[in-house]
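There are two complexes below, and they share chain A, which is joined by chain B in the first and by chain C in the second.
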Partner chain A sequence: MLAFLVKRLLNAVGVMLAVAFLAFMIFRFVGDPVELMLNEQASQAQRDELRMRLGLDRSFFVQFGTFVFNAMRGDFGISYRNQQEVFTLIVERFPATFELVLVATFLSLAIGIPLGVYSAIRRESLGAQAIQFISVLGVSLPSFALGILFILLFSVTLQWLPAFGRGETVALGWWTTGLLTPSGRLALILPGLTLSLFQITLVMRLVRAEMLETMRTEFIRFARARGLPDGSIHFRHALRNCLMPVITVTGLQIGNLIAFALVTETVFQWPGMGLLFVQAVTFVDIPVMAAYLIIVSFIFVTLNTLVDLTYALVDPRLRQDALAGGAHGR
Partner chain B sequence: MAANASTFKRLFASDLGYSFRQSPVAMTSFVLLVFLMLTAFLAPWISPQDPHDLKQLFIDKAELPPIWAKDGEWPFILGTDPQGRDVLSAILYGTRISLIIGLAAVAVSMTVGVAIGLMAGFFGGWIDNLLMRIGDTVLSIPTLLVAILVSAIFRGLLPPAMRDPFAAIILVLAIALTGWVQYARTVRASTMVERRKEYVLAARIIGVSPARVMRKHILPNTLTPVMVAATLNLGLAILSEATLSFLGVGMPITQPSLGTLIRIGNQYLFSGSWWLVVFPALHLGLIVLAVNLLGDWLRDALNPKLR
Partner chain C sequence: MSGAPPLLAVDHLEVVFDTRHGPLRALDHVSLEISAGEILGVVGESGAGKSLTGTAIIGLLDPPGRIAGGEIRLNGQRIDNLPPEAMRKLRGKRIGAIFQDPLTSLHPMLTIGEQLIETIRTHLPLDAAAARARAIDLLTEVGIPAPEVRIDHHPHQFSGGMRQRVVIALALAGEPDLIVADEPTTALDVSIQAQITTLLKRICRERGAAVMLVTHDMGVIAETADRVAVMYAGRIIETGPVEAVTRAPRHPYTRGLMASIPSMRVREASLHQIDGAMPRLTAIPPGCAFNPRCLGASARCRVEKPMLEALPHAVACWHPVAGGPHG
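Here is the complex of A and B:
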């Protein structure tokens, strides 16, 4: 177990170092930071002075080391665009993205699980086939197009829901939340639905496949033989056995949702870190890009590692595999 | 030509051909896809207007709604944009760009992925370890993020005047850079099985070079899952291209793809010109839907467990 733990952790650290290296390369070689930070009239002496202050005159490895060390302390430098500390900028935007992802995750479970169960137990029905077709339709329409169509229908035509922004927010310490005000909750509906659509189809397909498998097992047949009502068989016995993979996938997908939120945030002008990143890309604001890459990858890698470790804790077979040297067979 | 006809006949009579003729969904989506591809690639000959030629724009016919609405006018079936550009023509030209980039991205990622998978599976050892580790690392960052960053980096490295002509190539590279891992993994897995079989050993014993063994003996036996993955990835690649263009790191306004058209149309969302965004979005959805349905069918048809 310890060997597996160490191996997974080393793996995660390795990936993070690779990401940090990529971020550093962007930071160092895409455009000259000195040229980007000073205006055109700056003298050679000013340039040299800034170059020295930024540590750009030292060797490559020293610079990379400093970069990693600073990143670990949350110091990602100053944004080229608005001269603020990058870390503060991103932390300010984090609650907006987090709430959006939370709502999307909740929606995907609340809608995906019932639909999945329904299409498994009424496999041949018209309703189940309609759901299957809509799910293919759902993955074919990109989320940004769907978001725009939502805005057109619910905001422009029907004028039921707001088309952009977070509505009113309440500050709880450094955290801002839109969940406590009516306008904040209304503003969450469309972006949350847009972001969750892909996830809903994913959860639905997974639950359907797992349910179909479970329904064929002995203990379900035994439950039927005992004369239990259908509802009890489906929900208390079968569904419970399907939830473990659903929880795993949901956990793994949170990282992807955070990354994909940048598209939704652009459509709905949602003031999260994804929108900040997209704006940074447009303005070639490299410190913000590098920091966003590192932070999102960190969340992603941490979640993956945690899920792997939990699995090993629950399922002893995986530990044996790991000791035999096949830990990356995923 | 005779060889082509007999290949077609063989395909028609094969299991796959039979399964195709049995599946109305597969046939419908295939016909739809062929139709969409033909209209896109024949755009210069069939579309009412060349949307890139400023002389052909009708400034006096700006922002006309679709033809069935009150102010609609022939021949602007799907309306016009604020510059007097025919929306249908813009969609056909845009689809051509989207399809070319999607197909090229799949071709590049498939070639690279298959080559890497063959080498990793055939040689094993540290080569395998190194290549698969690189793949793991690529996949441990969300793919959308990788694509945006690659696109942003290339654009940052090129001088501004060079960005637009190279936009399509940058997009292909950005999408292919994350796409190859899946091919590499499937090909590696089947290569590791195939290389232990007797026909491979026999070929090696009579002195066939490793490169030739990989290409002529192992490769043909690993291609079935690759075909399925390629079809499904075409849908994904088209979506990625559209997303990047929508975010503003893809095709420029001078050569708009479907994603760029949606990005432009999005700016007129609140001015009532809904046709500028709805039609490109639906067209994009239709293409990807056809590709996905075809891919799903192919996956099931080639899956021996489901036969």
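Here is the complex of A and C:
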């Protein structure tokens, strides 16, 4: 167990270093920061002075070390575009992205699980076939196209839901939330749904596959032999057995959702980290781009590691091995 | 055999699997009866159709399997054509089931108390507290020590033998009159097998419940059952009181099975072992299905299918072994 823990942590550190290296390379070699920061009339002396102040005259490895060290302290430098601290900029935008991801995750479970159960236990029914078909559509339709369709239908034609922005938000310390105001909640629906669509189909197909497998187990057969009602067999006995992988995948997907939120945020002009990044790209605001890359990767890697570790801790097979000395069931 | 109908009567049951190459008949005119309080042993090699018979009786045959003919009656009432919901209410309440592997029969994430109480409350009008008390009584009855504590444990905290006792308690939860036990000891340690069969026997006696005990072990039958039905390739080929069948088997196949009982093997030293294997469903020979393996097979055996006699000790064979201990 300890060996696994150490291995997993080293792995995470390795990935983060690789990402930091990539970010550093962008920082260092995409455009000359000195050129970007000074105006064209600056003298050579001024340039050299700035170059020295930024540490650009030092060796490559020292520069990379400094970069990593500063990143660990949350110091990603100053945004070229609006002269603010990059870290503050991103932290300000984090709540918007996080709430969007939270809503999308919630929707994917609330919609995906019942659909998955239904299409597993009524496998032959027309409804289940329709769900399968739509889920294939859902996977193949790019989310920006879907977002635009939603805006056309619900915002432009029906005028039920806002087409962009977060609505009114409430500040709770440094956090801002749209969940506490009616307009904030309304504004979450369309982007949340757009972001969750792929995830809904993912959860649904996972639940369906796990349910089909569980329904074939002996303990379900024995539960049927005892005359338990179908509702209990499907939801209390079978679904319970499927939740473990669903939780794992959902946890792992949060990182993905944060990354994919970029597209959704652009379509809905959602003021989150993703939109910040897209704007940074158009202005070649390299510190912001580098910081976004590192922070999103950090969230991603942390979640992955945590899920892996929890899974190893609560895996019933590991538990049962330890207690009963036999590997069986799931 | 007269008066009130038997507790369970299976009459010319036929079970068919629909495959792409047409229907495969897995059970062929299986008939058997069990009276209240009686233990009927069903024995035969793996693939003979024993589990299928039990599955059809508890109504859990899943497609592509289906009942293609015959009747199953419980206390004279037909149960093979009941609507699913009526059959569900009957399962666990009037027919209990015990499966082979106690390691996989229990839900790994629910405590045994949760599983027992849910089953009890499905069939009996009890509140949660009364159901729990009953669950503890059941655990006591099947011989689980410290049931008040053990009831809140998960299956993985029990040994194999103890788990099978829990499975038996679950099968008894709705107070069934009939228990279908499909190889209840096969997956257990040899040292524990006898304990479980003794328990089944005691429950049958104390509760007056009938048991259909499926096994491929003739020794278990000899020790436990009142009557026995021997199956081969989807048919019952010999049936009768257990002493009569073990002392004087009339079907050559049954005689071969006897050789598998260690205590009888000494006396049976001269008897040949049965060569060959049971045919697959797709290749059941015409006539008597046993004829390719039978030393006494005649031309008739290869053409004409022998029917089971209507006798207390009946055999389906054209050339049954004459009466008297081992011919």
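Keep this in mind: the second predicted complex is superposed on the first by the 314 of 330 C-alpha atoms of A that agree within 3 Å, B and C clash if a C-alpha of one lies under 4 Å from a C-alpha of the other, contacts with A are read in each partner's own complex, and residues count from 1 in each chain.
Definition applied: contacts are C-beta pairs under 8 Å (C-beta built on N, C-alpha and C of every residue); 3 or more make two chains touch, one makes a residue touch a chain.
All of these numbers come straight from a predicted model, not from anything done at the bench.
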First, second, both or neither for A:A128, with chain B first and chain C second
neither
For A:I78 in the superposed arrangement: first (chain B), second (chain C), both or neither?
neither
Going by the contact rule set out at the top, does A:V68 touch chain B (first), chain C (second), both, or neither?
neither
If you stack the two complexes on chain A, which partner ends up touching A:P142: first (chain B), second (chain C), both, or neither?
first
Based on the superposed arrangement, let me know which partner A:L102 touches: chain B (first), chain C (second), both, or neither?
neither
Partner chain in contact with A:V15 - chain B first, chain C second, else both or neither
first
Is A:N241 touching anything from chain B or chain C once the two structures are fitted on A? First, second, both or neither.
second
By the touch definition at the top of the document, which applies to A:T266: first (chain B), second (chain C), both, or neither?
first
Partner touching more residues of chain A, chain B vs chain C, is chain B
Residue overlap on chain A between the chain B interface and the chain C interface 328
Residues of chain B that touch chain A when the two form their complex:
132, 136-137, 140-142, 144-145, 148-149, 152-153, 156-157, 235, 239, 242-243, 246-249, 262, 265-266, 269-270, 274, 277-278, 281, 284-285, 288-289, 292-293, 296
Partner chain A, residues of chain C touching it in the complex:
58, 60, 88-93, 96-97, 99, 101, 103-110, 118-119, 122-123, 156-159, 167, 170-171, 173-174
Tell me, which parts of chain A touch chain B in their complex?
11, 14-15, 18-19, 22, 26, 29-31, 136-137, 139-142, 144-145, 148-149, 151-152, 156, 163, 255-256, 258-260, 262-263, 266-267, 278, 281-282, 284, 286, 289, 293, 296-297, 300-301, 304, 328
How about chain A: which of its residues touch chain C in the complex?
217-219, 221-230, 232, 236-237, 240-241, 316, 319-320, 323-324, 326, 328-330
